[in-house]
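So, here come the structures, one by one.
Each of the two complexes below includes chain A, the first together with chain B, the second together with chain C.
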Partner chain A sequence: MAELTHTDAVFTPKPSQPPPPNTVGVVGWLRKNLFGGPFDSVMTIIGAGLLAYFAYGLFQYTIVNAVWEADSYRECLDVTQGAGACWAGVDKWMNNYLYGRYPDAEQWRVNLGGIILAVWLAPFWFEKVTQKIAVGVSAVLTYPFLAGALFLGGDNGLFMQAMSSVALTLFAAVWLNVAACYSGRRSLGAVLVQVTGFAGKDDRLYKWVYLAAFAVGFVVAFIFQSTWNLAPVQTTNWGGLFLTLVISGIGISTALPSGVILALGRRSKMPVIRVFCTAFIELFRSVPLITILFMAVTMMPLFLPVTLNPDKLVLVIVAVCIFAAAYMAEIVRGGLQAINTGQYEAARAVGLNYWKMMTLIVMPQALKLMIPNIVGNFIGLLKDTTLVSIIGLYDILLMVRASGQDPKWLGMHTEPMLFAAFVFFVICFAMSKYSQHLERTIGGGYGRR
Partner chain B sequence: MSLETVDSEGQHIASAVSDEVVINLSQVNKWYGDFHVLKDIDLTVYKGERIVICGPSGSGKSTLIRCINRLEEHQRGDIQVNGVTMDTNLKNIDAIRRDVGMVFQQFNLFPHLTVLENCTLAPIWVKNMAKSEAESVAMTLLERVQIPEQAAKYPGQLSGGQQQRVAIARSLAMNPNIMLFDEPTSALDPEMISEVLDVMVGLAESGMTMLVVTHEMGFAKRVADRVIFMDQGEIVEQNTPDEFFNNPKSDRTKLFLSQILAH
Partner chain C sequence: MAVLEKGSPHRASRSLSEWLHDERVRSVLYQAIVAIVVIAVARYLFINTSENLQARGMSAGFDFLSTGAGFSIAWSVLPYTAGDSYFHVYLVGIGNTLMVAFVAIICTTLLGFLVGIMRLSKNWLIAQVASWYVEILRNTPLLLQILFWFLAVFSLLPRPNKSLSLLDLFYLNNRGLYIPAPVPGDGFNITLIAVLVAVGATYAQAVWARKRHFDTGQRFPAFWTGLGILFGLPLLVFLVTGAPLTFDYPALKGFNFLGGASVPPAFCALLLALVIYHSAYMAEAVRAGIMSVSHGQTEAAYSLGLRPGMTLRLVIIPQAMRAVVPPMISNWMNVVKNSSLAIAIGYPDLVAVYMQTSLNQSGHAIEIVAMVMLFYMSVSLSISMALNYYNKIVQLKER
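Presenting the complex of A and B:
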C-alpha cells in the first residue's frame, strides 16, 4: 500500500520523459508506415519499383524523347517514331487551348480580367487584413459583372454598366482597406470614420459614412467605365481554358449561396417553401448534367420569346448553376444537421430571430464542417463543365480534341490530352490544398469544445 | 457532499419577493406526441422570487421552464411572462425572450466566437446596442462572474465551470429580469460545481427572479423561496425549503427526498 500513495507531505509530479527514440522522427515514420513488418517491406519495395518504372517511362516520353520544334505531326513522328511527345503541336495550338477563338488583339482583356480577380482575392492571404469575408462576398457578387463587361465589350446596357461600376468601387475599397490595415489602422471603415469626423460618435451612424463613401466611389467609377470603348467579342468566340473557367467559376460562386438558400428552404417549417425546395433539389439531382445541358440549349429557347434570343452560353451557365446548386444544397443540409440543437436553442434564448441565428451562429459553424465536401463539389463541378463540349461549346476539352483533327497535326491526341490533364490537375490540386489550409485556419482556436 | 459545502457557507439569504406577478401559468398542458409531459400546471411567480424545481428525470421540470421562453411549445393553457401572453405571435415571443435569460446544462456557448463576442452578440444584434457599449457591459459581467481575463479566449479553451459562468454572463448581458437555469451544474466535474453555484447565489442576492431546475439540494435550502417537486408531469408539492425538506407532505416527496439524501 505504501507504494501506491504519495507519502510526502507535498505532491510532486514525476518529470515527463522523452518517448523511445525509434518511435519518433524519420526513423519512426519509416518503421511505422513503410517497413512495419516483412509483408509491409516487400509491398513497399514492389510499390516503389512500379512507381519508378512508370515515372521513368513518363519522363522518357514527355521530356527525353520529346520534340519541341516542328511544323507538322508528321515531322514529329519522323523524329520520335512515336516514342516521344510532340510538344511542338501543343505549342502551336496553345493559344486556342487557352482562349478559344477570342481575337488575338483582344486577349489582353481576358488576361486583365484574370489579373483583376487574382488581385481582388489576394488580400485573403494578407495577415493583417481585416474583413476578409467582405473581400470574398464583394468579389463573388460583383466581379462577374465587371468581367462580363470586360470580356464581352461593346454596349451591354445600363444595368451592366452600373454593376461593373459597383464592382470597380468595391475593388478599390478592398485595396484601400489593405492600405489602411497595413498603415496601422483597424480597417478602411475606421479611416473613413476618422477622416469625416464621426470617430467616437455613436457607431450606429457609421453605416451612413460608409454609404456616402460608396456613393462617391460609385460615381467616379461610373464615369471612368463610361469612357471604355471595347470591341465586342461574341460568346461564340469564347473558348478553351478561358471558357471552362468562366462556366465553372460562375457555377462555383453561385453554388454556395443558392445551395444555402435551398437547404434552408428544405428544412423550413413552411410547407410551400419546403416542398418547392425539396422538389427542385431532387429533380435536378436525379438528372445527369448532360441532360440538363441539352434541355437548356435545345428546349429552353422554345419556351422563351424569340425576341429574347438567349445566348447559348448564358443557357449553359444557368443550367450548370442549377445543377451545382442542387448538389450544394444537400451538402449544406448535411452540414446544418451536424450542428447541435443546443446552438439553436441558445441562439433563440438570447433573442436572435431566425435569420440572425442562421447567419451569426449556425452557418459559420456549419460551413467550417462542410469545407471538405464543398471543395470536393467544386472540383467535381470544374471537371463536369467539360461536358459542355458535347453540346458544341469549345471549352478546353473540345479544343484539345479539335487540335488532333487539324490536317497539319492529324493524329495528335495524347499530347493535348496530357496537357489538359496537367491543367486540370494543377487547378484541382491547388483547390484541394487550399481547402485543407482553410480547415486548419478558419474559426480560430476552437478545436476542442 | 455539495449539500454540506453550500450549507456551511451561510444562512438562507434574505428574500426579496414582491407582490408583482412576472410569470403566470394556468392549466398548461403539453404533449410529446402521445406522451403527456405537462399536466394542468398552475404556477405563479412573483418578482424577485427564487424557485427551485426538483423531481425525478422525465418528470417534466425542464420542459416546464423551457415553455416559459418558448423553446418548447405548450398545447393547452395560458402562459404570461411580464404581462405578455405567449402565443404564436413572433413579436410576443421575441419580447419575452429579450427579458428572459436561460442557462443550459450543456452551456451551449457559441464555439466559433470568443468569450467576449459570446456576451456581446445578442446586445448588438438584438438590442442594437453600440459595440463599444456592449463590450463594456460584457466586461463588467465577466468581472462579476470572475473570469474577465478569459475574454479573448474561445469557449473550447475553458473548463466546464468557466464555460457555464460565461453562459450566465451571456444571458445577463441582455439585462433580463428573469433567469431560467436548466440543470446548470449537472454536466460539471464535482470540483467546478461550487464556482457556478457561487455565481448563482450572488445573482440571487441581487434580487433576480430565478427558476432553477437542479439536484443541488444545498443550493435549494440556501437560496430558494419556494421548492417545487414535480413527478409525472404534475406539481406534486410546493413549499418553503424549510417545510419541504423537514416536513414533506406527500409520500412521493418523502420517497424522493429519502433517495437523494440517502448518501
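Presenting the complex of A and C:
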C-alpha cells in the first residue's frame, strides 16, 4: 500500500497520431463532400459533367463567339451563325433599356434624382448619426415630390413646387444633421438652439426655433427651385429600368406603412374596421396582379369623373400600391401574431395607450421578426413590376421585347433577356443578401422570442 | 363599495370631452366615421360610373353574357367555335387556365421536392448546384422567364417537317407539341369504373392497415399493396375487357401534323416557366420543412432502434410535412394566379380571352373584371379552406 502511494510514475500520454491522411486536407474534404460512397461519386461525376457542359456552352455563347461590334442583327448572324451572342445590339439599345424613351439631353435629371435619393438615405449607414427614423420618414414622404418635379419638368403647379421645396429643405437638414453629429454635437436641433441663443431657456420655445429654421430653409429652397427651367417630359416617355424602379420604388415605400395600418385594422376590436380591412386584404391577395392592373386601366377611368382624365402611369402605380399593401398587411399580421401576449399586457400595464404600445413595443419587435419576409416581399414586388409591360408601359421588359422587333435587330431576343435577367438578379440578390445581414445584426438582437 | 366601471361612473354629469375620451364611445365614433367615409366614396364612384356609362351610351348588367362573341380562340380544352356566347368564352378561359395550372402544380411539386432534397444533400456539388438553381430562378422575374422560354426556345424550334421527335410518337416543332391521343373504344367505361373501385379499395385497405397497426403493432405493407390495387385492378379489367383503347398517332401531312393531340408552343413555354420558377420556391419550402425537424428526433429514433429508412418515413417526414404543406399549398395558389401571365405570350387563358379580348370587344369592363376576380377568389378561397382544414388535422395536439 505504501509503495503505491509514493510512486514516481507520472502519466505521460503518447503523442497522438496524426489523423489518417485521407480524412484531412483537400483529399479528406473531397472524400467527405463529393465521394462519400459509390452513389455519391456517381452523382458528383454526373453533376460535374452537366455543370461543365452548361458552363462551357454559356461561356462559348456569351464570350467566345459573341459579337461586340455590328450594325444589325443580320451582321451578327453572319459572323456567329447563331452560336454566339450579339452584344452589339444590346449596346446600341442600352440607353433605351435604362431610360426608355426619355430624351437623351434630359437623362441627367434621372441620374440626379437617383443620386439625390442615394445621398439622402446614405446617413442610415453612418454610425454616429442620430434620428435615423426622421431621415427615412422625410425621404419617404417628400422625396417623391422632388423626384416627380425633376423627372416631369415643366410647370406642375404650386403644390408640387411647395412640396419639392419642403423636400429640398429636409434634404439639407438631413445632411446638416450629419455634419452636426460628426462635429460632436447631439443633433441639428441642438446646434440650432445653441446658435440662436435659446439654449437653457424654456424647452417649449425650441419648437419655434425649429419651425423658424425650417421656414427660412423653405423660402430659400422655394426661390432656388423657382429658378429651375426644366423641359417637360411626358410620363409616356418614361421607360426602361428607370420606370421599373419608379413604380416598384413607390410600391415598396408605401407598402410598409399601409400594410401596418391594414394589419392593425384587421386585428382591431372594432368590427366595422376589421371587416373592411379583412375584405380589402383578402380581395386583393386572392387575385393575380395582372387582373388588378387591368382593373386599374379599364375600370378605374369609369369610376372617376371624366374631367379628371388620370394618367395611365398614376393608375398603374395606384394598382401596384394596393397590391403591395395587401400582401404586406398579411406579413405584418404574421409578425404581430408572433409577439407574445405578455408584451401587449406589459405595455398596457405600464400605462401606454394603444398607439404608444404599438409604435414603441409591439411593432419594432414584429417588424424585426419579419425582416426576411418583408424584404422577400419587396423583391417579389420588384419582379412583379415587370407585369406593367403587359398593359403597355415601356418598362425594361417591354423595351427588351421592342428591341427584338426593331427592323435592324429583328429576332434579337435572347441577348436582351439575358441582360435584363442579369440586372434583376443583381438587384434582387443584393437585396436578399442584405436582408440576411440585417437579420443577423438587428433581427435576433433580443435573443429570446 | 361601488365598483367603478371604466368610463361610465356618472353618465348624466359628464362633459363633452369626458364623453369623447370614453373608449367605447370612441370606438363607435371611429367605426361610424370609417363607415360613412367608405359609403360616401362608394356612392361617389357609383355616381361617376353611371354618368360615365351614360355618356358612352352603355348599360351595366350581365345581358351581354348571352350574346355571341365574334372571335375565335387559338386553342382550348373545352370545345369552342367563334360565335359562342361570352359566357361560354368565360368557361373556355377557365378551362384553359385550370388545365395549365393543374399540370404545372403536379410537375412543380415533384421537381420542387427533388431540388429541395438535393439542396440538403451531403454532396457539396449537388447542394451547390441546387442552391444556385434556386437563387437564379427566384431572383429573376417570372414574366422574363416565360418570355425567355417562349421567344428564345420554343419559337426557335424547327418547322414541322424537321420536327424533333421522340420514338416517332412525340413531335416537337414551332407549331407545338404533338402527342398520341387515346381513343377509348367500346367498354372502356368498365375500366374507368374499375379505377374508381381501385381508389376506394386502396383507401379502405389503408384505413384497415392503420387500424391493425394501432391494435396489434404489426405493420402491413399498405403502400405497396395500395399501389398494386391501384394499378393492377384497372389493368386487369382493361385486359379482360379486351383492351378497348387505341391511339391516334400524329403524322406529318403536307406542312403540318394531323391526328393525335397537340398543345401550342405558348402552352409549353408557360408550363415550363411556371414549373421551373415555382419549383425553386417549392424547394425552399421543402428544405425549410425538413430543417425544422430537430436532429434530436433522428437521434431518438435511432436509439429506439429504427433503421434510417424507417426513421425518415415514420419520424422525419410526418413532422416535416406539417411545415412543408402550408407553404406548398400557397405556392399552388401562386401557380394558379401566375398562370395569368399567359397573356404575355398569347396562351388563351381566362385573363387573355375574357379580360382582354372580350372586354375590348364588349366594353363591359366592370362586369368582366368582377367575373374574373370572382373566379380567382373562389379558387383561392377554396384552397385556403383546404389549408385550414389540413392545419386543423395536423396541429400538434398539446395537452
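Things worth noting here:
In this text, the second predicted complex is superposed on the first by the 383 of 449 C-alpha atoms of A that agree within 3 Å, B and C clash if a C-alpha of one lies under 4 Å from a C-alpha of the other, contacts with A are read in each partner's own complex, and residues count from 1 in each chain.
Just so it is clear, contacts are C-beta pairs under 8 Å (C-beta built on N, C-alpha and C of every residue); 3 or more make two chains touch, one makes a residue touch a chain.
Quick caveat, the model's predicted, so the values are computed rather than measured.
Of the two partner chains placed by the overlay, only chain C lies in contact with A:D40; chain B stays clear of it.
In the superposition on chain A, contact is made by A:V350 with chain B only, not with chain C.
Applying the stated contact rule after C-alpha superposition, one finds that A:F276 touches chain C and leaves chain B untouched. By the touch criterion defined above, A:A48 reaches chain C but does not reach chain B.
In the superposed model, A:M417 makes contact with chain C only, not with chain B.
Counted by residues of chain A touched, the larger count belongs to C, out of chain B and chain C.
Overlap of the chain B and chain C contact sets on chain A: empty, with no shared residue.
Per the touch definition, chain A reaches chain C in the complex via residues 33-34, 36, 40, 43-44, 47-48, 51, 269-273, 276, 282-283, 285-291, 294-295, 298-299, 301-306, 379, 383-384, 386-387, 389-390, 397, 400-401, 404, 413-414, 417, 420-421, 424-425, 428-429, 432. For chain B in complex with chain A, the residues that touch the partner chain are 69-71, 90, 94, 97-98, 100-102, 104, 106, 108-112, 114, 121-122, 125-126, 128, 130-132, 153-157, 167, 170-171, 174.
On chain A, the positions that touch chain B within their shared complex are 202-204, 340, 342-343, 345-353, 356, 360-361, 364-365, 368, 443-449.
The part of chain C that touches chain A in the complex is made up of residues 27, 30-32, 34-35, 38, 45, 48-49, 51-53, 55, 121-126, 129, 135-136, 138-144, 147-148, 151-152, 155, 337-338, 340-341, 343-344, 351, 355-356, 359, 365-366, 369, 372-373, 376-377, 379-381.
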